[in-house]
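The following block contains the structure, expressed as structure tokens.
Chains: A, B, C, D and E, in written order; residue numbering restarts at 1 for each.
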Amino acid sequence: MKNVLEFSYLIPLFPLIGFLITGLGRKYLSRPLTGIIGSGVILISFLLSVWIFFQVKEGNSGVVSYFNFISAGSLKIPFSFQIDALSSLFLLIITGVGFLIHVYSASYMHHESKEHFARYFSYLNLFVFSMLLLVMGGNFVILFIGWEGVGLCSYLLIGYWFKNTEYNYAARKAFVMNRIGDLAFLIAIFMIIAKVGSVNFGDVFSAEGLQKLAPSATIITLLLFVGATGKSAQIPLYTWLPDAMAGPTPVSALIHAATMVTAGIYMIARSNLLYSLSETTQNIVAYIGLATALLAATIALKQNDIKKVLAYSTVSQLGYMFLALGVGAYTAAIFHVMTHAFFKALLFLGSGSVIHAMSGEQDIRNMGGLSKKLKITFFTFLIGCLAITGIPPFSGFFSKDAILLAAFEHDERGKILILYSISLFTALLTTYYMFRLLFITFTGKFRGTQEQEHHLHESPALMTIPLIVLAVLAAIGGFIGIPEVFVKGGDRLTPFLSKVIATNHEPVSRSTEFFLMGLSGVLVVATIIFTWFRFKNYQPKEDKGFGKVLENKWYVDELYDKIIVNPLNKLAGFLNNFFERFIIDGIVNGVGRAVNYSSRQLRLLQSGQVGSYVLLMVLSILLLLLYQFFIKK
Amino acid sequence: MQIDYYIYISLALFCIGIVGVLTRRNAIIIFMCIELMLNAVNLLLVAFSKMHHLKNAAVNASAGSDGQLFVFFIMVVAAAEVSVGLAIIVMMYRNIHSVDINFLNRLKH
Amino acid sequence: MGVTPILFWILSVVALFSALMVITSKNPMHSVIWLIIVFFAISGHYLLLNAQFLAIVNIIVYAGAIMVLFLYVLMLMDLKKETEPKKNRWLKLAGAVAGGSLLLVLIAALKKADLANQFAETRTGDIGLIENLGKVLFNEYVVPFEISSILFLSAMVGAVVIGKKE
Amino acid sequence: MNALIISGIMGVVMMFSGILLKQRSSVRAVALTGLFVAIVLNVMEMSGFHLFKIDITGMMKFDRLALFFNTIAMGCTFIFFLLSAKEMEKVGLNYSDYFALIFFILCGIILSSSFSSLLILFLGIEIISIPLYILTGSDKRNLKSNEASLKYFLLGSFSTGLMLMGITLIYGNSGSFSVEVIAESISKPDVKPGILLIAGLLLLMFSMAFKVSAAPFHFWTPDVYDGAPTVFTSFMATIVKAAVFIAFLRLFYYAFGNIHETWKLIIAIITALTLFIGNITAVFQQSVKRMLAYSSIAQAGFMLMAILALNASATEGILLYTTAYCLATIGLFAILVKMKDYTFEGFNGFAKHQPLLAAVAVVFLLSLAGIPLTAGFLAKFYMLNAVIEKGGFLWLVIFAVLMAAISVYYYFRVIQAMYFKEGEAQAIEVSTSFKWTIGLVAALVILLGVYPQLLFSWFYF
Amino acid sequence: MISLLLILIPLLSGIASFFFKKENAAKGWALLSSFATVAVSILGLTILNKTELLQFKCNWLPGLGSSFSIRLDGMGQLLCLLTAISFPLIFIATWNRTYRNAHNFFALMLLSQAGLMGVFLAMDALLFYFFWELALIPVYFLSSIWGAERRIAATFKFFIYTFVGSLLMLIGLIYIHSLTPDRSFDIRSFYAVAIDNKTQHWIFWLMFVAFAIKIPVFPFHSWQPDTYEQSPTAVTMVLSGIMVKMGLFAVIRWLLPVLPSASFAYGEKMISMWVIVGMIYASLLAWRQDDMKRLIAYSSIAHLGLMVVAIFSESEIGMQGVMIQMFNHGINILGLWVIVEILERKYGTRKLSELGGLAQKAPAMAIFFVVVALANIALPLTNAFVGEFMMFTGIFTSSMSEYEMITVPAAGITIILGAIYTLRMVQKVIYGNTNALTETGTDIGYNEKLVLGIIVILIIAGGIYPQAFLSLTEETTKFILNEANIYPSLGK
């Protein structure tokens, strides 16, 4: 009897169906109906994912392939799905969080007209579909299809309010930056094909596959990593993510926090065996991750747009994950992906609820004291903050601690604590800006306009329920990975992923581990208290000096414009206005003119005088005779 | 008589004719120079015919006579040409009262 | 040296000289006269080559008919010498040079031809006599002879077409 | 031979028909019937029927090439009569004499396409030339016509002088005017050909080049074609030129083919010059008539390639080429004659006013430009093919092709004027029969362009 | 039989169409005949797919060793299918246009279709050249009569330009013919002929220039934007959808296998590098265009450049990619032109600066537009992705390539640039706010919905299950590459 995993194609199928229904029927479906269909299909695939998850848990994992996607010459690319621990875990996150956010959106977007409402849901479903393709894909090509698919959906959703030109530019920026990464990814795929002759994970990560790849492992992994930096917003390609906040808030929660941006981590984790072949790449990954984490955190310190803060915090957290990947703690990275999905989704949805309450206002300087009116939102947001700052026993604590620990171990091998210390510092920065956000938004007194004030209200249940669910998850989600130091066998994640991910770190002594936890815990709490005193009664004021630099994001966008965009633009202008017109076309037309001119001259030979005719004839006879008799030999 | 003398003389006459064509403007004179060229040809033809006769009289009694006959035909043609040519020149003269070929410049370029 | 070469040279010199006079003399009438002299010199050559028939025909047709026709036309137009104004000196020069160098080139080329021991027999050989020519003409050359009638017809028609007043 | 006799007689008949017949239409009828008879008899001669038993050995040789070309030439003349005979009335009063002269020219054509003795060649060329001088000048009150005819006459008789000198020198070398004798006198590869022969050969080549209006001996062509009455231009630019080409090919194929190596470079130079001057100069012309004169020079350049190649496909090629060229040019002139204004602007908006004529003209122009599906393309193709098969003249081939591309420029100017430019077309009256005839000619052009076997199956009768 | 019909149907119906008087009659007739052609070509693909039906041969010019021989092979199947499908789509999409002397218009269109079919079918060099020109001439007239105001100059340039090219090609063909042992133009003798390297090299250039002009390859492209801009859109569709493929097709069938060692010597190194420069150049220019037609023209230069590079990589997968990409690109660009046609007819402009906000006014069109645009930037699950992926793989993994680490990334830059200019176009046209011009915009009609629908279906289908086409062209590819393989022929 054939493997039940055969049916895993249903998981992406349902979102696709949802996309088609809501997309094509957008004129005819009422808003509630659209919401039900849109969320329903996700729910179904969530349930299926759960089922698959348990299948995998019982050790029933493998590759199911359906048909030949491309088969030419020696190259065969099947359309196949890889169902194993890694993908099934991601399936849960995507469909689970995805479902909650769909539900949330149904209420958040209710003021849109029904066509656009349906358009929104169809995009969202399409996104889930592509994301599922991405994580289920049984080879690099299918993965890449999903990879670009999610890019497309993020493009569509960022530009969802297409009347606004700013948003459109943001969308384009996101897509193009992703494309840059994708190009590197593609080249990596070509190299893999050239070396191994196949793109199936099974062949590539098999012993002989790896052995074939070993010589060029560094370049391949680096190219893959560049792809990842595009998708997961790392230096140097991170600038699109903050702009992506142009999209509706649930979108930011789902795509630009919980799922899509973690595709890079997934991809690298998926090819961890390959990465383990190249020390260099791993270091580069680690340091890029760390740098991104730090940079984003510093920028986040000074942002006043509630979503921008969260966006930069996302970038920073992603940096953490790459750090983990870099130091070889793949499990920790995955763990953090999961917890981050919970609390960052929670935070975004919370902010969405705030924005909703403030009727579209996003600048925290005009908020304050919202805790009285928006109780649920406030509490859930608080949990989110605690989780992200890693206060035990919230989920963030476990995952972040795992990463810090891994960094520490890595440093111990390198005998200097640079990775650890900086990441710890970043953790404190995180704490600082998150609580700054919390305090400025929810404490103190209201700074907004009058009608905003009496319009203030808690969001409807459809929005709060997801908040609560996520809050719970954010609170307890960490318990699947309790460090061994607390409970023997508390870490259920590592063994579960062990089939896919080689664990290669020898544990440090218990005492050290306790000490590190203690240290970070104390520092974090201290930071919180410091922040409280700083912002308990906050008054907006103009930043200057270094603060201004941070507020302007280190002027990175301007820099990119200066060194890349503008020169390219000028070059294109030159080519179009000068080179094409006067050189390329000029030569062609020049030939024509030359013929015309020579014609005008040559016809003067036809002087009309018999005398000159005869003379010319005699002369040419003369020359020809000379040639024949005296020159030609 | 050595044949190349004949060759040189008739070539000389021929080229004098050409020079005449080149240097004069009076259509009639030019025409006369052309006649001169023809006569140079005739002379050479006759010389050649006699040369060939001398060479091949043994095998063929009438060897070389065709050269002289050709001269005869050239004269025939020349006569015909003259009649037509002078007619044209006269017609021209009727119209523009000149036989100067430099006035023939309506057609050019 | 015998009488033949002397005659030959005299005739040649006369022919060349009067030919030059043809193209140099201002007055068309004089040119005609000089040309007639050329024809006579050439007929002399024919006689020297023992081609009496051609010699006679040459005199009759050219000197007699054709040149008279020329004279007639010239008188009809009574062209004064000044009717031919100065032609561009440079063109004249160029023409002379071109013709001269053509002559040089031809001679230089034909010099290489090995005709050193080739002779045109003079004063003997009877192919030039009317009866021989007649035989050949009306045997082998009867077709072209007939054909030349077409030539004359066309020339006649042409002369009529052109000459007829409308 | 049959054709020669008939057309000779017809010439005489036409001379008197002017006096006997009052109706010009009946004169035309006589001419057409006579020509038709000539064609029929000629075709019969192909299958071995002779009117009279005349011994022409050593003078003429009515071989396949000659007979076949005569058919083509007379066929084209027939078409020419059908299309443009009426237009001759406009030229002058001596209507019937024009026919007579044309018939005499036909005699010359037949002679020069079938000669086997330089004497006949000379006579043939002269019989062609002398009536042409007349026809050129036949529009007596038109100064341009006079001028053209005088220029043509002076230059033509000058080239006759050259030709005679050439023949003489050749005679001096080989002691005969017969082509066969000349050919076998130079047949031995080890013996170097005599200088006299080469010099004479070159002079002959130049005079022939003059007759086919090849550069640098082309100068008479534009003036004469432009000045002559358009009807006769169309005749002399097509059929006559074709005939001289056949004579040219015959002469250099049968007489001097053995020493091809010694003169091929000269002919190559002449070809290149002709192509260059013809095409380039045509570009700037303002009058379609004069443009066609230059284009005839350019086409001559292509036909000269046959004489350069001198192989089987060259012979086939030149037959196809002459046919294609004659048909197209006669057709174009037939339309042009009816126009008042010969400039390109004169054709503006012609397509709206005369859709059929415009379409037909397009076919002819495409054929001249050598666009596939028209006879012109295959003709050019055969030429290129011949030269490439011969080998060694690739530069010439590429050059020729580029020039052909330039020729597109001026041919298509007419098309552009007719179709794409707005303008009040000049009113011209055309009879239905004319339309049918010219339509058939166009059809023939396309037919030959698609399936030339039609022609060659005749050639290998 | 099938192959003969593919030529005869358009040819005869085209000639017949000259004699129609009423516009709608001519339209209907043209549509009818184009449907017939589609039917035949699909039959040829499916139930009548038998060798003896797909080929036809008869005497033509025995003197020259040329015969009227046509055959449908895999590549031909694909391109004839493209040609067949395109025309009805074009006719339907431009149904609402009215042309003066419509009967002539449609007649010429059908004639050019016949020519195109012939080019893809011809198995005889001379015949190939015939059809090559036959396809060109009608287009010249179409553009010059029904084009925009600067049409005469632009199309004339186009004509002379391509004509020069094809004449040079003709010389090459004749020369090869003169080298064939049996003096034949038949493709088999062309493949069999052994030419020494020196000769191969200059013949190669003679012929490649012709194809490079047709494709067009930088710097021979300057005719293209002008011509596309000035031609009526229906003609532009033919030009860019099908006619430019003639060049690629010719390189594959008449250049690579006939002159293998020259193709090897120049193809991968010089030409590929050069073409890639041209691709980037064209992409940059496309980025700066304001007129949609010019923009699409330049973008297609970039796309076709990639195909050229892939062809010369001479790898099986790359070649397969080229073959299906020829089809896909035809479909995609057709879609783009349909959009342009709609915009031009509705709003009388093609300028990006004058359009905008149409997503509100014409959502259906907007959706189609976005899909087609995404296909233009080769997004996965669209047909173009498959083609480009395969081509890149071919270039990268080809045994010919030595500089793949330079060429592929360089060519890859055009992927990024492609995204930039295509999305710019999309954004300027359908996003943003409406302006005075587009305020009154309305959505598209049924005929346009139908056409775009078909196109989108083809796009998606080709993107999800390309295998159908791949199996079609596999045999041809193997054959061509085997002929083009120089390692045996280097000794020649």
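We take it that a residue touches a chain if its C-beta (ideal position, glycine included) is under 8 Å from a C-beta of that chain, and two chains touch if they have at least 3 such contacts.
Note that the coordinates shown come from a computational prediction; the quantities given were computed from them, not determined experimentally.
Asker: So if I look at the partners of subunit A and the partners of subunit B, which chains show up in both lists?
Answerer: Touches both subunit A and subunit B: C, D.
Asker: Starting from the Cα centroid of subunit C, hunt down the chain whose centroid lies farthest away.
Answerer: Relative to subunit C, the chain whose C-alpha centre sits farthest away is A.
Asker: Nearest chain to the global Cα centroid?
Answerer: E
Asker: Using mean Cα positions as chain centres, tell me which chain lies farthest from subunit D.
Answerer: When every chain centre is compared against subunit D, the largest gap points to A.
Asker: Centroid from C-alpha atoms only, then distance subunit A to subunit D, rounded to Å. What do you get?
Answerer: 79
Asker: Quick one: subunit B and subunit D, Cα centre-to-centre, how many Å?
Answerer: Their C-alpha centroids are separated by 26 Å.
Asker: Which integer distance in Å separates the CA centroid of subunit D from that of subunit E?
Answerer: Using C-alpha averages as centres, the distance is 43 Å.
Asker: From the mean C-alpha coordinate of subunit A to that of subunit C, what's the distance rounded to whole Å?
Answerer: 104
Asker: If I count partner chains per residue in subunit B, which residues reach a count of at least 2?
Answerer: 3, 7, 14, 17-18, 21-22, 25, 30-31, 48, 51, 55, 63-64, 66, 73, 77, 80-81, 84, 88-89, 91, 101-102, 104, 106-108
Asker: For subunit A, give me the residues that contact two or more of the other chains.
Answerer: 603, 606, 608, 610-611, 614-615, 618, 621, 625, 629
Asker: Could you check subunit D for residues that touch two or more other chains and list them?
Answerer: Counting only residues that touch two or more other chains, subunit D contributes 119, 123, 126, 130, 133-134, 137, 140-141, 151, 154, 158, 195, 199, 222-223, 409.
Asker: Can you identify all of the chain pairs that touch?
Answerer: Pairs flagged as touching, ordered by label: A-B, A-C, A-D, A-E, B-C, B-D, C-D, D-E.
Asker: Residues of subunit C touching subunit D in their complex?
Answerer: Answer in residue numbers: 106, 109-110, 112-113, 115, 140-141, 143-144, 147-148, 150-151, 153-155, 157-158, 160-162, 164, 166.
Asker: Please output the residues of subunit A touching subunit D within their complex, sorted ascending.
Answerer: Residues of subunit A touching subunit D: 595-596, 598-600, 602-603, 605-606, 608, 610, 613-614, 616-617, 620-621, 624-625, 627-629, 632.
Asker: Tell me, which parts of subunit B touch subunit A in their complex?
Answerer: These residues of subunit B touch subunit A: 18, 21-22, 25, 30, 101-102, 104-109.
Asker: Per the contact definition, I'd like the list of subunit C residues that touch subunit B in the complex.
Answerer: 4-5, 8, 12, 15-16, 19-20, 22-23, 28, 31-32, 35, 38-39, 42, 45-46, 48-51, 53-54, 57-58, 61-62, 65-66, 69-70, 73-74, 76-77, 79, 83-85, 87, 91-92, 94-96, 98-100, 102-103, 106-107, 110-111, 113, 115-116, 118-122, 125, 127-128, 132-133, 135-137, 140-141, 144, 148, 151-152, 154-156, 158-159, 162-163
Asker: In the complex formed with subunit E, which residues of subunit A make contact?
Answerer: For subunit A paired with subunit E, touching residues are 67-75, 115, 141, 144-145, 148-149, 152, 155, 159, 162-163, 165, 168-169, 172, 175-176, 179-180, 182-183, 186-187, 190-191, 193-194, 568, 571-573, 575-576, 580, 584-585, 588-589, 592.
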